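In the two complexes below, chain A is the common chain; its partner is chain B in one and chain C in the other.
Our next item is the complex of A and B:
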């Protein structure tokens, strides 16, 4: 089972492209919990409403993770826009997450 | 689950690995539902060991397994496995699962992570397959990303707990040397594992030699010390001491060596599936003997492999043609495969791998290796010995009849015993030597041993001609063996003596025949003489009687005419006696 948290971007927003992401976590493992919090903070701050995030719990849906080629948790996959990117870890390093998502580092406050 | 139910097996259940030699030194295999750690530097054979254990379990004992590859992708693993003849894609359908756990180089790391997600995935897969085995190959690659020794220990702990919960027999490989220079966390990993096996590869005289050592085995006896590892036909093999006798089908079928003379010395040829060692000094025609064997095998239509070292197939065929052995046609038809290796370019182990691949590819029934001693030339003698032995066992496993030549410096066949030591495992051992006498160097052939055969103990001379090699008897005169011209002289002398004896005999017979005829003639003459005399005697007897009868009648007549009276007393007696006679003869005389 996957929890879906989707916030569609409103028309005429400052971000024209919608970033589609998937976060793979392992239940309530400490780094997974941290990753969810860190990502929500990053999204809230830098992506506003211009993103779609799907959180996949590997413990609940191991087949899905296997099919997606995910082994390490937590790990974040950027599905769109191209190019695809992958970040592993609890996403505590905001700079590298932003770089992977294709957001200019200059936006960091 | 273990092959033998011994007391120790019940104390600590083990799973057999099916790896040649390893189950012996580990007293039954790896600990069941426990973790074994395979440590060693790169290229020491950890992955092959783990893979082979997994494949054996899946194939021989139907125990499914999971292989988690952190270093090599499944494609590379499948390709490596194919060189040992392991058909992974077929097994991977339902008995084995390969998880490609490599991280893409583009992956960005941001902060700490755990293995719990991966373990959740593996747990699902384990239940799906009902897997008994799991291999984590190169887990150090992933753990190193944590960049935090504390976090590494935490994940190793997590892994251990997960393995214990899931009743899996695990093999974990990690690149380290097992010495004091290892990072502390890997030391912890060694502590967590019940069995630690160290792999090692080092250079001996420029040739890499692989070894294996069981460093610890909790709750079990094991053979301590290092054991030589080699890659054979079916994968990794261990040269373990006291290995139980290998079982090979013992054929009673005789295979011709290509020489009538040699076949008869061997009691009809060599047994199918045995190996024959031909030793000799340079130029004693070891290759010729081997070539003759190969040719006769091809003539029978048997697939043959001719492995030569340091001499190309072309040159060997040309040289053999000069002694009447023609192999070209068989090479063209594909029946004969010639492979020549360069000992300066490859080490013994690589040759062994190549030959193993050729055996699978060509599927020969007969094989020649010429000369095996070449593999000892560039490498460490100890590993060359092990490889020589392994090669012979491989050939036997395939039930291939093999002729293997080995160069011996000098004429002492015992020198072989100090070189490759393959003479002890070869079934038949033929030694070729030179005998120098009378200004000539001639080739002599001796059968040193031939298992299961009443073989000739005679030394024979090997004669090479354009018609092919042949064996001839040798003469021993005054305790010396004669060969070459000396033999020819001796033969000529023998022939002359034979002729003379024949002539003498004919002469004597004629004489005797004459004497016999003479005696017979004389006997006939004497017989005639005897007959004549007998006849004469008879006639004489008859005349005498007739004379007496006629004289008696005359007396009577005379008395009657005289009318005598004085002699009246005697006269009647005479008359009476004579009367009987007279009456008997009366008819004759007409009285």
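Our next item is the complex of A and C:
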């Protein structure tokens, strides 16, 4: 059992790790809508229940975006686990999103 | 969408030239990944640190305006009257139905236009409306203060068109954090009128039901399951059929089907150069127009009322529709059509082989079966047509039956005195039809 656990951790993110993300969007603007849909598809497929996602609408809460150092939207920030990472755009490139989230690209089916 | 509902962003018209806008973006955005996404057209908004707001890119703004247009069109397509108020009670948006109401009843029933204040309209309401208007203003204040439950009340207004009652519902919404109220108005006068109309239709249906069920109902209808009968009721119309009335002529389209209650209708075959001859008799046991169910819309015979009384009728199209969907009605019609065919074939043979006296006795018995009384009005000429003989023949036959004290015949009124004796006097056809008919089958 202990060996197996070591293998799993060696292979990349542990299945029990919860990925915490924050997605900054601009209301229902086209790229923002796409980003939400793309991210939800990726999470549903690769993270199952192992993630927490907060969506921040910069039109409603611009101060929050500025405080977090976000200048352009849509923009995805990985908060946990460390290291922090960021992806800009409508998240249509699944590889770069998985890389930013710390998931190995080899998992892409 | 009105400015009050737009997200707090600077419009792209403020940043006139495209190049100037790009320069502005490059002054703010420095990171390679962000610039790359901007170049790829994957960016919707850029934060302006100076104003601390989000600046929508022209493309994103155009797309949002398109979706706002869609939302407005959707709102306009709603049949109910809708208006949206901002936190101060100013009307910022109305739909087409609301505007139409305001146009027809200006200044009445809180009919406010865009750009005016709803609280002011409540305050300035006419004296008869004031009590309601004050309640509405209080409800609106509560909703705008963040009340979770929608406010709902009835509002009565008096206009040139008369007294009108409607239900006002006020619900709070908070797009982009700013509280707004959505007011919907539903005219309940119209709803009440519709309910009253339904009520009168129901009353008519129960009247028909009373006609059909009371006294001497049509047996075919009465034999239907209650549920199927109830479904037929709205299409049934009570009528009075009078002696001598022709319901169908041969070759004529049958506009109605008739369910006799206490009248008798003869089916006559018209042969060129001869008098019409009766081939069938229909009373409360059946229906006139059953041929429709067999796919024919024109009558093959003349249908002549020979005993005044009541009936209910139904339009042919409706009857066909009901016939297709009701298996019970189909069974009843097939059974009746079978019995009618038996009666017609037996009558054809009877007319050829039997004596007038025996035929008259049979005919009187058949009529008696279909009428509530043993006394009925018939002229000798009419009887001659029924039996296909000369008038003199009818006189002789009627006199013979009268002498045997089976009937009394006086001034066109026939009274059956001895039913059993008449059955003996009748030809075998009467018993044959009774034996082979639906009762025997049952």
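As a convention for this text, the second predicted complex is superposed on the first by the 95 of 109 C-alpha atoms of A that agree within 3 Å, B and C clash if a C-alpha of one lies under 4 Å from a C-alpha of the other, contacts with A are read in each partner's own complex, and residues count from 1 in each chain.
By our rule, a contact is a pair of C-beta atoms (placed from the backbone, for glycine too) under 8 Å apart; a residue touches a chain by one contact, two chains touch by 3 or more.
As the structure is a prediction and not an experimental result, all values here were calculated from the model.
The superposition on chain A brings chain B into a clash with chain C. When both complexes are overlaid on chain A, the residue A:85 reaches chain B alone and has no touch with chain C. For chain A, the partner with contacts to more residues, out of chain B and chain C, is B. By the touch criterion defined above, A:71 reaches both chain B and chain C. Of the two partner chains placed around the shared chain by superposition, chain B is the only one that A:100 touches, whereas chain C remains out of contact.
The single stretch of chain B with clashing C-alpha atoms against chain C, selected from 1-9, 19-27, 109-117 or 217-225, is 109-117. Shared contact residues of chain A with chain B and chain C: 25-27, 29-32, 58-59, 62-63, 65-66, 70-75, 86-90, 92. Contact residues on chain B toward chain A in their complex (touch as defined above): 99-101, 103-104, 106-118, 120-121, 123-125, 142, 145.
Residue ranges of chain C in contact with chain A, taken from their complex: 7-9, 28-29, 31, 33-34, 36-38, 40-47, 49, 52-54, 56, 59-60, 63-64, 67, 176-177.
Taken in their complex, chain A has these residues touching chain C: 25-32, 58-60, 62-63, 65-66, 70-75, 86-90, 92. Partner chain B is touched in their complex by these residues of chain A: 24-27, 29-32, 34-35, 38, 58-59, 62-63, 65-66, 69-75, 85-94, 96-97, 99-100.
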